[in-house]
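The two complexes that follow have chain A in common; it is paired with chain B in the first and with chain C in the second.
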Partner chain A sequence: MPSDNQSPEGAFLALRSLTKRFDGHAAVNGISLEVKPHEFVSLLGPSGGGKTTLLHMIAGFTEPDAGDILIQGESVRRWPSHRRGAAMVFQSYALFPHLTVFENVAFGLRMRKVGNGEVRRQVSEALEYVRLQGLEKRYPRQLSGGQQQRVALARALILKPRLLLLDEPLSNLDPNLRRELRDNFREIHNQTRMTTLLVTHDIEEAFTTSDRVAILGNGRLEQFDTPQAIYTRPASAFVARFVGHRNIVRGTPAQKEARHFLEIEGTEALLETPGTASSYVIPMNQVRITTDATTPRGYAGMSGVLEKIEYLGALVRFQVKSGGATLVGECLDHQWPVGLQPGITTRACWPLHRMIDLPGAV
Partner chain B sequence: MTTARLRSASLIMPALIFIAALFLAPVVQILAGSFVQVHSGGWTLTAGLYEAFFADAYSWGLLERTLRISAITTLACLVMAFPVALLMRRLSSTQRTVLAILLLSPLLTSVVVRTLAWVILLGPVGLINKTLGVLGIAPVALMYNDVGVIIGLTHVFFGYMLLAITASMLKLDERLMLAAINLGASRWQVLRTIIFPLCLPGVLSGSVLVFTMSASAYIVPVLLGGTATKVMATEVYDLAINYLEWKEAAVVAAVLFVTVWLIVAAVTRLAARHERIGEGG
Partner chain C sequence: MMRGTNASTPVWLIAWTGLVTLFIVGPLVCVALVSLTPLDYISFPQHSVSLRWYKAILDKPELLGASFNSLVLALFATAGAVALGLPAAMATARQAYPGKQLIIGTLMSPLFLPHILSALAILSAYSAWGWSHQPSRILAAHIALTIPYVLRTLIASLSGLDVRQELAARNLGASHWQVFWRIILPQIRPGLLAAAIFAFIVSFDDVGLSIFLTGAGYSTLPVQLFSYASYNSDPSVAAISVAMVIISFIAVLLVERYFGLEKLIR
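Moving on, here comes the complex of A and B:
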């Protein structure tokens, strides 16, 4: 995690201990992070996690209570929104409903009192860039969701910003359209190489678009890393749960007759070396279900009742309950052992080296 | 007609019968009467009374004053209600309710009481002129003229304008304003290019309300205008009650009705066109 002392060199956007309170409650609580030039970063977290407040502070809509915002090494904390060069694309796009596509895109230039001829030239260039020529005279409500998104992008990009801010631009859309529009953002980013910040609560959206993802919870930065690192090495139980891990278990080392065990939820897993007391994540796709009584070497196992089988199409998800613990596993549809029915006693096992140690969590 | 449609039609029947019997019938009777001339041989259809009305400069003066007072009242309500509606947007819903109750509580008092209160303030020996006198300033005529009527009407109808504008103001998406600010709009530019055009439907419906109610207002012109500031509504009353000239009264009422209706229709068409643009398609 980047710290306050880290040099801002190389950072395009740097947030320093940024804090914002509403009615005594810290919506953003001392967040520091650095975004490299040309990077596509997602701010991911549950609603109420502080991500939109953070974005609004960067855009200049909300004044921070403490901390600083640096763009290209320069503090912009006291600058008005439009001087920061941070263009915002809003949730459901916030196109001006009473203005045509042309006037929506031209809005920023009009506010800068750019001459008519120059406005026409730049708007037609911007519309060409987002492939919307010929729709100048339409009104936003006459456009499809995809076209609206491109108008919003053209409107933001026409002022040649240094930073593109996307505030949940894809929520409230149906899944297929989301996927298409998500790819659009990534494509635009590939072309412009513009440093981009995307706020979302959708893990898939964040993971598929972003170079790095910042996970925010309760106003704090929980983890800031590549999607892969976040999924395979979650920094906390919060992150693990948020990115979809469902098996978070407590492991206690034990020793019997010179053999090392890890006690997990009442079952014992054989270890080669002494274990450490910690919380562990067992990735769902590592859990195997078997009717054999023995656990293979290098695996931990747990006997229990097969409680539930969910068919998800490509995957089959199952739950094994043993005492107070429930383990959730997933396997590919064609790998599902035929004939297993809910209610039977089975064994769930998983490779020990695939267990993820959750540092800090107890 | 299917049974379902019959059943839905039956839902509006009580109201329809009530309106038809107690409102439409007398109106039609009076209007018809204004076109009929009874003489010894029977009756003839004639527009003579209307010709007489429009031939008289006094009538034109009445109509002009009525429309002028209504227009100025509408404008005054608009100018005062718009900033308040802007403020309403920024308040929390509790604060908004409190402010709305405070501003609209005058509506709970009878128009007569409210208007008499203005007499105490505006009269020749009213509070304002007494204060001016103490300060050594010559008294000003705030009553028994157009100014008094406009002040009274503005007070009475301000709430309607405020409610209409606030309704469209609260529908505005905050993000539109943030987007405009992000694109470099100043506060004034946000107001002019985003807020005002998008509140136009509320402004128009509030204006239509205030204008029509001002044009037909009776109590305020009587109490604050006196005999010097006659408007169409007071003329109707005078003709019908004091002079028992029911037909002439009907003519004045009909002219007022048609004129206001034409103005409202024109404004509504304008509003409809604006709405279409806003919604597209």
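Moving on, here comes the complex of A and C:
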């Protein structure tokens, strides 16, 4: 965790070197992370990255092998799930199919032995909040996916938790509904200001909803930062690839007749100052395609065959292949040079100062 | 739910279905007809029907006693098999534990072992332990015999449950016990009922195992029937068979009426 120097008291949720092994394999490997009050944080990563295990440890379903979990400064590691005040919405919702919508939402209150009148009052309030009034007597199977999800949300919110945990709640829905419900989560968060953790493998979902995103890979925390910082300053090649960067290249400094160059995939770019050996990301939207033979000052360029042109609507995506390297670029549809066809030899160039240096990756 | 045959059902399929149905129901019909004969030997009723062989059952106290024994035995065996099989099925369907395959294999073994082998093993174990109380001997054996049916049905029923429902319930404050009563049990009720019916019928019907474990003082209906039919060939055997079918049928109907089989299985 790079720059965040919050004191443990200031953190709403703090994970301390949390570790969980299954059959000797570390599903979660020494993860430390601090979430501020009212923050919406996504745990993002490929499946098998450890994000659901992490969430289950916070919820109290899985006992960590090592490390600690603090909520509002208090260690909850040994507490049973329901005492932590961390309510969970599950993937596929895990509604109780034999109970009506009313009884599903009322379940938590029933467990607390709340009186009937009070249960009725609170349930109808909760159903109103998720706009499901009138469906009290339905069974979960009689509801649409979106409605089921709102029942799950009402069931979780009725106990007024201090932390909301969402475990891939949108992964079973079709894309349009996903977008709508995703906005719904953010809206509810804006109203309740409840600290929220969302597990997802969908970058767009994480980036559009979250204040900060934690990227998990192989049980480790790769990066924890704002969506913009993650995209523009990925901390590792893993993060860069995961958030969609496709041009990750090696750069080697060279010197000829007192002039500094950076060798990238067989081409040389002139530098003002000595370069450093590193891996670099060339953002796709920085790659220009031209038929000129020269490279402008401050740019690096490579000649190659235009291999592929993909029309994506607002964007055109193209691939230039030069020797062993393939560079992928994107430009706005109306900026695409007319007349370029696959197979011709072109030149792809990009501004040197837009290249992202990947720390650690060599 | 089956909807009526549609126009494209091939003729051979209809014919085959008819044959299979005949194969299953035919003997029952024959037995039912034989039980109504007025004659002294096994024959189809020719000119008139009579209920004299049903009345004859009532004159055979050893059969009535055995029927009572069978009923009580089947009820207790069912209760025992469910009480032992449910926890085993829950552990098996929901988590991994050491020796799982071995334990399940052992519990299921009465299904694969020939009854005569099980019976001889059980008998020698009983005599080695000096266990001679006949009803409890046979009850223990019947529980072992019926557990595989309970286990298989309940494991199937339980593995259809989403484990996350249990996590959700715990997250909302339910204890393990409340999770069982409020979340698991209501959902496996149809499976539980099916398991109990299986266990009851298997126990109520068993000859293979029971014949070794019954004796002068205590016998079950199938065993009595078997020995009666071995030495007599009058139509009362047919009448008793029909009576047994009717009893099973009534049992299923009662279950259907009070528990709503159809509604639960849905």
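The definition used in the following text is that the second predicted complex is superposed on the first by the 357 of 362 C-alpha atoms of A that agree within 3 Å, B and C clash if a C-alpha of one lies under 4 Å from a C-alpha of the other, contacts with A are read in each partner's own complex, and residues count from 1 in each chain.
What we mean here is this: a contact is a pair of C-beta atoms (placed from the backbone, for glycine too) under 8 Å apart; a residue touches a chain by one contact, two chains touch by 3 or more.
Computed from a prediction, not measured in an experiment: that's the story for all the values here.
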If chain A is used to align the two complexes, do chain B and chain C fit next to each other or clash? clash
In the overlay, answer first, second, both or neither for which of chain B and chain C A:107 touches. both
Counting only touches as set out at the top, which of chain B and chain C does A:139 meet: first, second, both, neither? first
A:193 in the overlay: touching chain B, chain C, both, or neither? Say first, second, both or neither. neither
Quick one: classify A:98 as touching chain B (first), chain C (second), both or neither. both
After superposition on the shared chain, which partner residues are touched by A:121: those of chain B (first), chain C (second), both, or neither? neither
I'd like to check the shared interface: which positions of chain A are touched by both chain B and chain C across the two complexes? 56, 59-61, 80-82, 86-88, 90-92, 94, 96-98, 107-108, 111-112, 155, 159
So, in the complex, the side of chain A touching chain C is made of residues 56, 59-61, 80-82, 86-88, 90-92, 94-98, 107-108, 111-112, 155-156, 159
Provide the residue numbers of chain A that touch chain B in the complex, in ascending order. 56, 59-61, 80-82, 86-88, 90-92, 94, 96-98, 107-108, 111-112, 138-142, 155, 159
In the complex, go through chain C and note every residue touching chain A. 162, 164-165, 167-174, 178, 183, 186-187
In their shared complex, chain A is touched by residues of chain B numbered 173, 175-176, 178-186, 189, 193-194, 197-198, 274, 277-281
